[in-house]
Amino acid sequence: MADSRFFKCNGPFKAHELADIASAELVGDKDALITDVASIDQATSEQVSFLDNRKYVKAFTKSKAGLCLVHPEVADKAPEGMSLLVTAEPYMGYAKIASTFYPVTFPKAKISERANISETATIADGVIIEAGAYVGENVIIGKGTWIKSNAVLGDGVTVGENCIIHPNVTLSHTIISNGVTIHPGCQIGQDGFGFASGAQGHVRIPQLGRVLIGDHVNIGAATTIDRGAGPDTVIGAGTQIDNIVQIGHNVQIGMGCVIVSHVGISGSTKLGNFVVVGGQAGVAGHLEIGDSVVIAAKAGVMRNVEAGQTVGGFPAIPQWKWLRQVGMIEKLTRGKK
Amino acid sequence: MADSRFFKCNGPFKAHELADIASAELVGDKDALITDVASIDQATSEQVSFLDNRKYVKAFTKSKAGLCLVHPEVADKAPEGMSLLVTAEPYMGYAKIASTFYPVTFPKAKISERANISETATIADGVIIEAGAYVGENVIIGKGTWIKSNAVLGDGVTVGENCIIHPNVTLSHTIISNGVTIHPGCQIGQDGFGFASGAQGHVRIPQLGRVLIGDHVNIGAATTIDRGAGPDTVIGAGTQIDNIVQIGHNVQIGMGCVIVSHVGISGSTKLGNFVVVGGQAGVAGHLEIGDSVVIAAKAGVMRNVEAGQTVGGFPAIPQWKWLRQVGMIEKLTRGKK
Amino acid sequence: MADSRFFKCNGPFKAHELADIASAELVGDKDALITDVASIDQATSEQVSFLDNRKYVKAFTKSKAGLCLVHPEVADKAPEGMSLLVTAEPYMGYAKIASTFYPVTFPKAKISERANISETATIADGVIIEAGAYVGENVIIGKGTWIKSNAVLGDGVTVGENCIIHPNVTLSHTIISNGVTIHPGCQIGQDGFGFASGAQGHVRIPQLGRVLIGDHVNIGAATTIDRGAGPDTVIGAGTQIDNIVQIGHNVQIGMGCVIVSHVGISGSTKLGNFVVVGGQAGVAGHLEIGDSVVIAAKAGVMRNVEAGQTVGGFPAIPQWKWLRQVGMIEKLTRGKK
């Protein structure tokens, strides 16, 4: 059971309700009462779990979970007495079921007296603004959005509906759509790193663009996104960005991308849709990365990458080639001391 | 036109005024009225643009910009009807012209009642301190400086004139000169990562130095700069530091350096003047990096580097050698499967 | 002498007192009065220094320090007139002596009226809470702990005794033990990066665990630690984490580890005790890293590492092998242009 100091469990639910939520086929008692989610090895007869990885099949055969999400191919390995929710996507089913037991719950609408809110701000119904938050001139905040303590929304910023802006975030020059979550300590909309260099030193170029964030984007803690120099910096709908990521000015990121922590995307580079960028990778500027590209962890991408490719290494090349190089280098040094 | 929610355009200006600002030679109507800046492909007849990169010469020949900064060598390619500002430094000229159309404008002096300011702080004329900012004991803030919401200036910190300290910055044990910008979420002056390790665990060494930041330094978002252990950590005048950079204790950085995002400079390393460090590079501790060195992106510098060298790879070697190694490794694995 | 705007020197002390503190053998006048610490090359006759590195033996022979911590093996190189504190661990001795001259001093207990503190919070004696700090529902803060300006403690968070939570930190879903320091701008306890991906996009998995931080842990600036997905994310006692580190969900870190800046530890990986991870290294998920492993800077660890091993490179291999590979690659390209 999740720590009740931090999590409130919304169960119980009947097995058939969970089958509907997960779009899964129920094999077992439809009225069985399920009180919570749990992992395969921890779950009891009143809890629901999931099997998503062949590595855990053995644990699955010994599991005491009363109900379990499984792929059709492994359903026959279920232990005696376990009811099943059979689905081709057990992990997705688990995401939906766990979100039903533990939904993100917003507090009641409330504007703290100790928030610092400009008179020119427009705040819709159902908005929560906590003490210490700062809301600048002409800011617009949409229905149901939650601005947490000590977040700072600079002049003119717009935030859509049902967003969560966590503490210690700074937003400036930014327009955010609906259902967006910005995790704590993010810094979004500041100057891009642009300057002209000459005998008199480095002279900053005014960055005259904005940051545009699409629906249902989720941005990790302490991530930084610079506004555009004239074009905008754009994050497409549904994209998931992890912690400590840097997005440079004028970058355009498509829909449904996944960008893991410590990644840097240099200025003016364009990512298509559903691109995955592994942890600590870097992408040089002014590049085009096609749809569904996978960039391996720690890669250094210096050239355009065509749609559907998987690249790795530095300079990044097709991943299979990089693995060959690694193998070749190992052979060359094998046995020598 | 830049989004007027965020940017206020200070035009129009006459062509000859812009020629003066950019120190460029005007070819065309000196009284032509220019209302805004724009990119080569977007600009209209009342806007000024610039050509800085041979890649865009084609777009230049078709551009509708009324006025354009160009290098003498490409001036002859200008389309009919376009006036020119001819200069050997078109990008620098653009920086100055764009800054004239869109200057950084400070608000009127104002100390918010909802800032938390120690009575022992000394605050000069023209200072702006926003709600939620914290100003500790004996802090000194110079003329015209702007402390934004929720920034925290610890006891004894000194900030010079005409600085901007963005939201959610923490400064401690730090002395800042004039004209410095610290972007949101920077953490400056905290303990360096110093400790003695033994049977009883890790015992922290008191870090008895400070951070000294020179005139016109610009530090990116969520960058961290540790104070010195006894010596100071020093950032030289005019240096530009990007986001998510880590500067370790006792590091000395010269003047006019450029440090790109995700770089780590380990403790006690010394960079000369005009050093450029590419994104995600790392420099080991106790090293000396000479003037005008260029460290390529993702490099790992383990030895001193002499002035004027360009190094790359890990361990870092002269960049041309690293490129040779990359080529050699590619040859070795070519055609094999 | 350390800058008195920032540091208060608690001396003087007699030589024999310092010998006790450092568990060192005094050779010289036991009543000599020592006023401060200093480096070997700067110290005067009333100051104590230390020699820890053969590189500085020459400076040691010319040093004017009145008292110096030295290893027995180099004691005979001491200049005329210098008293010695002879110990096998001169750096540890210096840590303790410097901490005696410059202890971390907490202010008097005080709860600022301008802190935002929930009525349901439980705050022990001796606690300091500065203006702008936010303390959520049912938070528990132990004796003597110092919550600095603009830090945010989310609902249910527990902090032990004698901790320091620096400005602009966000804590949520976190339980902290005693004597812990969290440096400015840390973000701890937010959602782990977990989601199921399918035709409808990425659906976040509720992260139902917490972050547990052991006694005397020290976490650097702008570091991010995600809470667990159901298990907890755990940081063992005495571990030292540098700036801009990312710790993924469900990670378990043992006791006394050292994690240098820009490191990323991916989800569900387990580090034993006394593991050292060099700057900018990355460790893939679901791995086991044994006790006392050393991971070199910039390494990319893709497999389990047995206790006591030193690994480097990407993919990480035994460090001696990686050095061989570096040498081999250099030979292959030597002399070619």
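When the chains are written out, they are named A, B and C in that same order, and each has its own residue count from 1.
Here is the rule we go by: a residue touches a chain if its C-beta (ideal position, glycine included) is under 8 Å from a C-beta of that chain, and two chains touch if they have at least 3 such contacts.
Keep in mind that this is a model prediction, so the values were computed, not measured.
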Numbering shared by both copies at the subunit B-subunit A contact, with half separating same from different: different
Fitted rotation between subunit B and its twin subunit C in degrees, CA, nearest 5: 120
Intercentroid distance (Cα basis), subunit B paired with subunit A, Å: 29
Where subunit B touches two or more other chains at once, by residue number: 132, 150, 168, 185, 222, 244, 262, 280, 329, 332
Contact set on subunit B toward subunit C in their complex: 116, 132, 134, 138, 150, 152, 154-156, 158, 168-170, 172-173, 185-187, 190-191, 193, 195-198, 201-206, 208-210, 222, 224, 226, 230-231, 244, 246, 248, 262, 264, 266, 280, 282, 284, 300, 314-315, 317, 321, 324-325, 328-329, 332
Subunit A to subunit C touching residues, read off their complex: 2-3, 5-7, 37-39, 42, 89, 91-92, 94-96, 98-99, 101-102, 104, 112, 114, 130-132, 148-150, 166-168, 181, 183-185, 216, 218, 220-222, 238, 240, 242-244, 256, 258, 260-262, 279-280, 297-298, 326, 329-330, 332-333, 336-337
